[in-house]
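My structure is below; once you've seen it, I'll send some questions.
Chain naming follows the written order as A, B, C and D, and within any one chain the residues start at number 1.
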């Protein structure tokens, strides 16, 4: 199998030089935390993939329904690390509802359920992960962050 | 398979007209019982083949180390019934040790472990059951009585 | 040789054999044997955890088979299908794990006296472990559990009903849908032993609304060593795992563990992927024949066998007098001749039937026969096979009578 | 292609594949695949209870396989061989049934931190059920349990020691004979997980004097779905049955049952005769190759792989520095690259290895790595396979480095 097209430039770049792998808050294992720089409340959630032990902690800074900033920490394979960084790029500046839609779309794409290229264009660089659908064992790595974000945002919605 | 040579004349005859299917004693489910005709002590033992539900109750009248009479009762297939009757024929008049040896020999024969025709001659009509070795599922039917007798005599020996 | 036998290499090998022990195990068509061999020749690897192509193929083979099985029995979800070795293991899982979840002292488990030992002993054990009571249903003369019988035996304490859909001796198919409705109205959870039903009739677990459904592959043209437990997700979720070990965990530390999601929670260790592939091929095979054909042939051959045998005055047949209701299972005795002798002498005439208690000793006692012969028919049998059975029956009778 | 690969249809099919996941499951030679198919083509029937020729053939196939297995592992008696689905089930039987027989509150079970989850979780469960304590042995840097470690952990309360003979991660073979002697002197019963040992080394259960020995067919060239539990007769006799149902009984009435003699007491329901036949053929296959050849090739290839990999400064290998002691199992990590990425990129170079926790999470934590890659070698591998592994390792490292 030509798997190298998964470990493509985009993925390798985001894995080696992630833009969003840092902390927004001080503590990071509770649901909300305070950003020491600005005093903003930060949303925090941990995602875990038991099969490979990947763990990411996702942090969001949301103001007026808009994701102002996103960051992550944690250990994992190149696919989950890159996928998380790519996701952060994509959702910063988006409205909550838009972000939820994008995560739904991404999850459909990597499960091979959505193949319409035009629709997928919205995912921008995340399209680089399309072929993971052919590697079901790795799909969990790719979706970990997106699942976590999806749940996080839905929890916020219902909490409101 | 030519099984008919198991259901041969000798076997069918002993099955249909057993000479020894009757009672020697009054009760018959305990280890020794009294023969009402002669007041003799009769040795009684029950043998069971769980796989086919065959049950025989064997009774022996032993005097001075010699099997004076043998009889049986119970339900079973033609093979176990005939085999029991044939055995009774064979052992009446024999010494205990001789009878034990004959049962050992018979058991070896039907398991296919003893093939020496000359030796097997001692078994007389019981040789008619030789081919049961080719029907392992029925070996248990054939040996039920012989096993029971064997144990019975050994128990008597150790009891003495 | 009829066109159906031609699918089976063993039938081509023993052209004269009337194989009438299908309720014990069916023969296997080329399609199934080849599918298993091909799996080992082209796709074999340890599934689930592998990150390479071959392991992915094995995983696909394994999970596609699960999907096919789910569709075949009308399950709502794939994760409701758990692979086991055979129906016996499936029934043991239910009896252990569901009992652990549900049973307290003095609760009642309801089964029928017709149950195969595999749907009886596990409940005896469960009853002992939980100091619960094992209560019995008794069939009418046609082998059916009536609504009244069920209503009489159900109580507020009846937590579980486990019932065979089709008796392996009487061949009668229970009116399950109605029985289940009544049990559910009583808040009783229903486990069905489908080992004998599934080879003969299209099953739809959702239409039946049973909570658990157990069956074996080997009775439905699949290889030995593969079986299925279907369970409703909500129960399987709550039930504790049964076997533990590799593949069924999430986290393990020295003193404790958390378990994987369904269906993996119940599948410990390396599973029988070849068997799953074989079962999947067996489903394809059955669908290529079609249940219509299967039912029609089995009903007609069963009726023919029953009617011809019942013409012989020295033959007793157990169960319904309408032999079209027997699903090809004809249990009988020849007067004065032990079933083991009958079976041996049938064999010498190239007729393969079973003689004994058919793993249903309490039923045998209930029928007052202890032992009987059983001819069990599959769609690949034909009139010639049945004619051999009848002729051999006559021969055996005369052979024994002649000796008198 | 080397002469040994030529025995395996899957190797002929994927000529470029370096299959190095043999510890997960081995590939199957023609001999085994054909033996199983031939069984279904010529001898298939339900064994044990049948009174006709075909059933007798199936019974013979089943029992002759048992006899061959008994001889293969040096068991004293055939009835000490119990068929299971896999090693996991064998270990579960011991953990359930032996614990029920032996354990009281505060008793101790001793296992090692190297155990596969299948020899760990069943004991966690047993400990919970009986309020017993699960105590751990820790290996030295070569992966061996020392005599001192064992002596320190044994106490008057230690009823059971269950130990893997060969770790599926470290590849180290325990000095079992000595360990068992010490345990026995302490009146501790010893169960051995032989799943990884038996493909690589001749086993003699009587020489080892272990009380139980569990293994899977699928790791030793047999099909999936068949495994073995060996147990000393005296213990198996006393132990309660585990699964219950058809074929494992003598008498059954509505409320109780008596169980069949060994080995049948532990074999509920229709067994996997095809699997038993496959396992028997796998033994023939291994004997035709010879353990001499197997050991020689696996030792040399393992040493070659270990030595070449250890030349790469960014590779860490776990376990003994003498790679000839690894039985072909080389667990390693490439600095900075997750084992899942390594395995995926190995795959794209046609090298099949495993990455993950290898069903041994506590061991992974003990080794402080959580995850690792594992290449596991069988005698049919060759230098070319290992060279591919090494080259691919270098490539992956440079690919990731190049991206920096």
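One rule holds for everything that comes next: a contact is a pair of C-beta atoms (placed from the backbone, for glycine too) under 8 Å apart; a residue touches a chain by one contact, two chains touch by 3 or more.
Since we're looking at a predicted model, the values are computed, not measured.
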item	value
Contacts common to chain A and chain B (chain labels)	C, D
Chain whose mean Cα position lies farthest from chain A	B
Distance between the centres, which are taken as Cα means, of chain C and chain A, whole angstrom	48
Inter-centroid spacing, chain D versus chain A (mean Cα positions, whole Å)	39
Chain A, residues touching no fewer than two other chains	1, 51, 135, 138
Residue numbers of chain D (touch at least two other chains)	49-51, 53, 55, 251, 340, 344, 347, 356
Complex interface listing, chain A residues touching chain D	1-4, 6-7, 9, 12-13, 15-16, 51-53, 76-79, 135, 138, 141
Residue ranges of chain C touching chain D (in the complex, touch as defined)	9-10, 13-14, 17, 19, 21, 24-25, 27-28, 32-34, 36-37, 40-42, 44-46, 49-55, 85-89, 91-92, 113, 116-122, 124-125, 134, 136, 216, 218, 223-226, 243-249, 251-257, 268-275, 340, 343-344, 346-347, 351-356, 359, 361-362, 365
Complex interface listing, chain C residues touching chain A	49-51, 53, 55-56, 59-60, 250-251, 260
Contact set on chain D toward chain A in their complex	337-338, 340-341, 344-345, 347-348, 356-357, 370-371, 399-400, 403-404
In the complex, chain A residues that touch chain C	1, 50-51, 135-138
